[in-house]
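Some structures to go through are shown next.
In the two assemblies presented below, subunit A is common to both, partnered first by subunit B and then by subunit C.
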Partner chain A sequence: MKNTTLAFLFVSPALLFLLAVLGWPLVQAVILSFQDVGVIGSQGHYVGLANYAAILGGAGFWRALGRSVVWVLGNAVVQTALALATALILNQKFPGVRIARTWVILSWIVPTVVVVIIWRWLLSSSGGMINPLLIQAGVIERPVGFFATRESAMTTLILINSWRWFPFTALMMLAGLTRIPSDLYEAARIDGAGTFQRFKRITWPLLQPTLLVLGVVGTLLSFNVFDVIWLLTAGGPAGATQTLPVLIYETAFKGYRLSEAATVSVLTSILLMGFAFLATRAMTAQEAAR
Partner chain B sequence: MGDYMMKLTKFLTLAGFAATLMTGTAYAAPVDLTLWHMEQPPHRVQRMKELLDEFNAAHPDIQVKQEPQSWGEVYAKAPAAFAAGNGPDLLFTIPDFTTVLKGIDAVVPVDDLVKDLDAKHGFIPATLAPYQYDDHVWAVPAYNMAISLWYRNSVLKAAGVEVPKTWSEWQAAAEKLSTDGKYGIGLPANKQLYTDQTVYSVMVNSGAADIYKDDGSIDFDKPATVNAYDFYSKLAKLSPADNGSWTWGEAEACFASNTCGMILQFGVINTYDTQAEGDAADLGVAPVPHADDQSESATISYSNAIMLTTKDEAKQAAAKVFLAWLLEPANYGRFLTMEPGLFLPVTDDGAKADSFWNDKTVTKYKSQVETMVANSHAGKLFGFTTGKVFPSIGAISAQNVIAETLQHIVVDGQTAADAVKGGQARMSEIAKK
Partner chain C sequence: MKRSFGQSLSLYGGLLLIALLIVLPFWWVISGSIKLPREIIQRVPTMIPESFTLQHFEKLLQASDFPVYLINSIIVASFSMAFTVLLALPAAYAFFRMEFPGRNALYRTILLAYAFPGVVVLIPLYGLFAKVGLIDSPVALVIVNVAFALPFSIWMMRSFLATIPREIEEAAVVDGAPTTTILVRILMPLIAPGIASVAIFAFISSWTEYLFASVLIVSDARRTIPVGFAGIIGQYQIDWGLLLAGATAAIIPVVILFALVGRWFVSGLTDGAVK
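Then we have the complex of A and B:
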């Protein structure tokens, strides 16, 4: 038996499983998107591309897509900054570094619902801790509602989600940092390179492959985040945090327009698959260049 | 050998009897009923368990088991369960949820049962009305909830204000109660059901109860609605800044901690009794104040009901036995007091039942509960006021369009007139689909 055939035989159970749990629902979603099904369980009729025309011609999809882009970029920037700083600290040798590497991941392993409850109460303007602290520090004069305005709601959500996810990113970066040969730093030090120069000339370039992988995975994960947004703002206020996953949920289960929701899902999947394809090609090209 | 044959014959005879008995037992197996309800707090689940255990013990041929769900999920979960053939046999509901499930043919009419129960116990008409349409009754009312204005007598007295009856008195009171670190009133502005309910409580008090015309077209954009939104948004400014993410719990917590002077809520008795002062004499409850040009107060009321959702005739018969048992005054009061001071009776004899009034908490807060019951009689519900029910109310309610309209005022700074105009367009768009 050829090696290729044997390899296919080995991976075929996993592929078949993936086909069943991912492929079949996706096919169902595509079929639904060509119908006019309302509530789950009700009958629909074939409507051709009508749903696609309505969704792409309306403002709701594009606004939600715009918010999703803001959400992904915001999370990418904040998480990368927090994670990189954390990874650099954890890559140093100091007493308790092993404990710190374990403890830093705590916020990531806490269940989402618990995270939401903690932050909701911390940020409450009538009994939470953050408002009094900010008042004492002179940052604000009176309690503010962190989810009360369009801008503050999205910013607060990004910060909370980043707080939850940055430990995971930090550990991935730490793994990348530990792979950088220490003799490079020693040589740079002998050549008189300062901390910033060592970071700029060694750490940052050699961390690029890790950052690229994290960028792709992080974008796909962030894009699909639903729980934190739904539990904290349900897409509000006034739709300010209604990203595409929230729009899909609301359309399907609150608007009872299952086929329209399936249409948005299919469009979202195409977008994400396109992104993943381009990113994978970029990574392959980068790998080949090295 | 003969002895052996005798033993074998005896054994086979006994085995035959045993098999016959087992088969007989199989035929007499109890009818299993699955009940979905959305009363998730542990003490409510426990009370339901006690009632079900009692019913099951008294009716060996019927076994009812509960499966608690959440209101947040059941709108999506129930249709999916029915589509997959795994739906419950009995399902708690509120009026708009019934329209959704009726739309997928998951609900069985209960005309005869309700007729019998009405003759025996006397349903309060307002609790039955939201379930009577299309020539049938679609659920058996189980308990009622009505929003009231809650306050502390001592707080109002200290500020020198009377219990408000009109909007101008209400606003003046809220302004006077707003002092350093205290909020005169706690009203939600979240895009969520609680905000729908509180906004509608204000709407019905300005004469804007109907959101549909008789022909099913939307009747939302009118001066009375604009007035209600304008007034509500003024009061919302006197509420805590995070009211944009409030649900029922935050309002109750604000009241319990004495941070909010007044709130609109179905009930606060349990929270006040267990997490605040618990001084029955100081807890005040009143009808929701009405607009200055109106003469009487009204409110929003939700009669929660139980739908029959099985097509199996044996299960339907068993479910009817259970529902009839539940509404018996001796049992019904204990059902209502699974959350004392929140769930109100829907039947005339239930409203007089010792099992209700003898509850420890209800006894302690008797005058408040009496006021709540009185308020509930003036209750209305959006989409169920004209005697006709249109299917789009399910989607309008589920998408919280009433609350969303408010957000356009308090978040986007729109005028009440513009926001209500937008709300009319949004409801019309939903009704068209």
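Then we have the complex of A and C:
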């Protein structure tokens, strides 16, 4: 009995804090989405579902959603490939493995703005590093503007964000790999299974639960990425990299249409919560089937 | 177990590729920060600097607001770190070491908050902070940073708490020690690596936070590195030397911190990911 009281005493500061800083504003966002507030601090009136009708009826929201889907899928593919290769290597024994496991995450611990400077500089079309190297190698004749066209801007952003995040994903995968009992590999080796066979029959299937969890968490995390996109392209060129978080930010703090931005953010939350709900249900179902 | 030649080749080849992929961009930026301007924009880039100058760092420290941003960032990150640890520690202990009704439901709700899009609460939070006069105050940034670091921090404590045998607490209970004593005297030293992990995570999240800092801070003198720096990038004529020096200077504090407690953080990350 005394223990229960104590437990609540321990949990409640964190819980109340989260409720006040994340929960309460969420309620406010919903209220805001039913009003017509423009500039921050101005008075709004109740307008019912007008904002929702306008946004769901317009093209801007759907285009941004499409870009967000491309963004999430692109990041998932690139990061999973890079992270899996990295995790498989870091799971081996070699001199300096501890150092490698610690410092692999370097690109994740530096501020985003540093990542932005690094890649703006390396990819710069006047000077830089990548352009001169590509010219030297004979791949291109004159410097390329990596953020200049719609397709290349999105691709470049996905690669940069993946560069930042793949080490984090790799360490999560490594955790899954270390859980696979080594006697399984030993037995397979005795049975004469080659490296590829062992990967296909043991590593890959046993890594599925980890990949599933990472797929869900990674989707939510990359969906929310804002600063890399904003600082490198500000959603451009011509809106080609304007994902939903960028759209919300622009509408609220550049366009001063607060209620509209709140409406988009409420719709976004519904989408993400729906996704998280379905994904966790799928995971529980998978666990139950095992 | 012996590796075949082919296996060794792919292992060390892969290792080299990863090292290049991660280290090379950093090397180019850090080495660029000590090059003379004409070498920085040279047609054919140099791998190893041919010139040496500290002029970019001098300019960064004397002619730009970087030192101000640096101090602001250190203050905000340190307070965010302290409050995250203070809130996460007891909560994690209750979640993973105690029984109480609604525990699982509450834990899941907190995890959900981890993946929550910051931009969704940014708009209403701006309004709330404006009402209580916290716009342009570092306090607002600390509040936000703690809120976003908390869920992951609580989750990360799980693996560290799990390594401590329950017998230790039980023995202390039998001896009649009060719960607070158990927590502070007996458990605290044992979960020190966990505390270090949570601390470094909170510090780094705060150190890199851009979105809220860009909206909640208005005056230049209160800006943190990410936002202050972004302002320098946006200027008409890009001074690459200054930016490269600034990037280098912004990397150093986290690298030092990581060199001290990084391995605890990584083990918290990899062991905690189990379930």
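By definition in this document, the second predicted complex is superposed on the first by the 275 of 290 C-alpha atoms of A that agree within 3 Å, B and C clash if a C-alpha of one lies under 4 Å from a C-alpha of the other, contacts with A are read in each partner's own complex, and residues count from 1 in each chain.
By definition in this document, a residue touches a chain if its C-beta (ideal position, glycine included) is under 8 Å from a C-beta of that chain, and two chains touch if they have at least 3 such contacts.
Remember, predicted model here, so these are calculated numbers, not experimental data.
K.L.:
Go through the superposed model and pick first if A:Ala252 touches only subunit B, second if only subunit C, both, or neither.
P.N.:
A:Ala252 sits against subunit B and subunit C alike.
K.L.:
Applying the document's definition of touch, where does A:Ser126 land relative to subunit B and subunit C: first, second, both, or neither?
P.N.:
In the superposition, A:Ser126 touches subunit B and subunit C alike.
K.L.:
May I ask you to decide whether A:Ile40 touches subunit B, subunit C, both, or neither, giving the answer as first, second, both or neither?
P.N.:
A:Ile40 sits against subunit B and subunit C alike.
K.L.:
After lining up the shared chain so the two structures overlap, which partner does A:Val144 touch, if you call subunit B first and subunit C second: first, second, both or neither?
P.N.:
Touch status of A:Val144: first partner only.
K.L.:
Can A:Leu267 be said to touch subunit B (first), subunit C (second), both, or neither?
P.N.:
Touch status of A:Leu267: no partner.
K.L.:
Does subunit C touch more residues of subunit A than subunit B does, or is it the other way round?
P.N.:
C
K.L.:
Go through the superposed model and pick first if A:Leu211 touches only subunit B, second if only subunit C, both, or neither.
P.N.:
The answer is neither, since A:Leu211 touches no partner chain.
K.L.:
Per the contact definition in the header, classify A:Leu84: touching subunit B only (first), subunit C only (second), both, or neither.
P.N.:
A:Leu84 sits against neither subunit B nor subunit C.
K.L.:
Should A:Gly235 be classified as contacting the first partner (subunit B), the second (subunit C), both, or neither?
P.N.:
Touch status of A:Gly235: first partner only.
K.L.:
Let me test your reading of the model: by the given contact rule, A:Thr4 touches which partner, first (subunit B), second (subunit C), both or neither?
P.N.:
The answer is second: A:Thr4 touches subunit C but not subunit B.
K.L.:
Where on subunit A do the contacts from subunit B and from subunit C line up?
P.N.:
40-41, 120, 124, 126-128, 252-253
K.L.:
What does subunit C use to touch subunit A in their complex?
P.N.:
For subunit C paired with subunit A, touching residues are 7, 11-12, 14-15, 18-19, 21-23, 25-26, 28-29, 32, 40-45, 87-88, 90-91, 93-95, 98-101, 103, 106, 110, 112-113, 115-128, 130, 143-144, 146-147, 150-151, 154, 179, 204, 207-208, 210-211, 215, 225-227, 229-230, 233, 240, 243-244, 246-247, 250-251, 254-255, 258, 262-263, 266, 269-274.
K.L.:
List the residues on subunit A that touch subunit B in their complex, please.
P.N.:
Result: residues 38-42, 120, 123-128, 142-150, 153, 232-240, 250, 252-257 of subunit A touch subunit B.
K.L.:
Which residues of subunit A touch subunit C in their complex?
P.N.:
By the definition above, subunit A touches subunit C via 3-4, 6-11, 13-15, 17-18, 21-22, 24-26, 28-29, 32, 40-41, 85-86, 89, 92, 94, 98, 100-107, 109-114, 116-122, 124, 126-129, 132-133, 136, 163, 167-168, 171-172, 174-176, 178-179, 195, 210, 213, 217, 220-221, 223-224, 226-227, 230-231, 245, 248-249, 252-253, 258, 261-262, 265-266, 268-269, 272-273, 276.
K.L.:
Within their complex, state which residues of subunit B touch subunit A.
P.N.:
So the residues of subunit B touching subunit A come out as 75-76, 79-80, 82-83, 100, 103-104, 106, 183, 186, 189-192, 240-245, 250, 253-254, 257, 259-260, 394-395, 398-400, 404, 407-408, 410-412, 430, 433.
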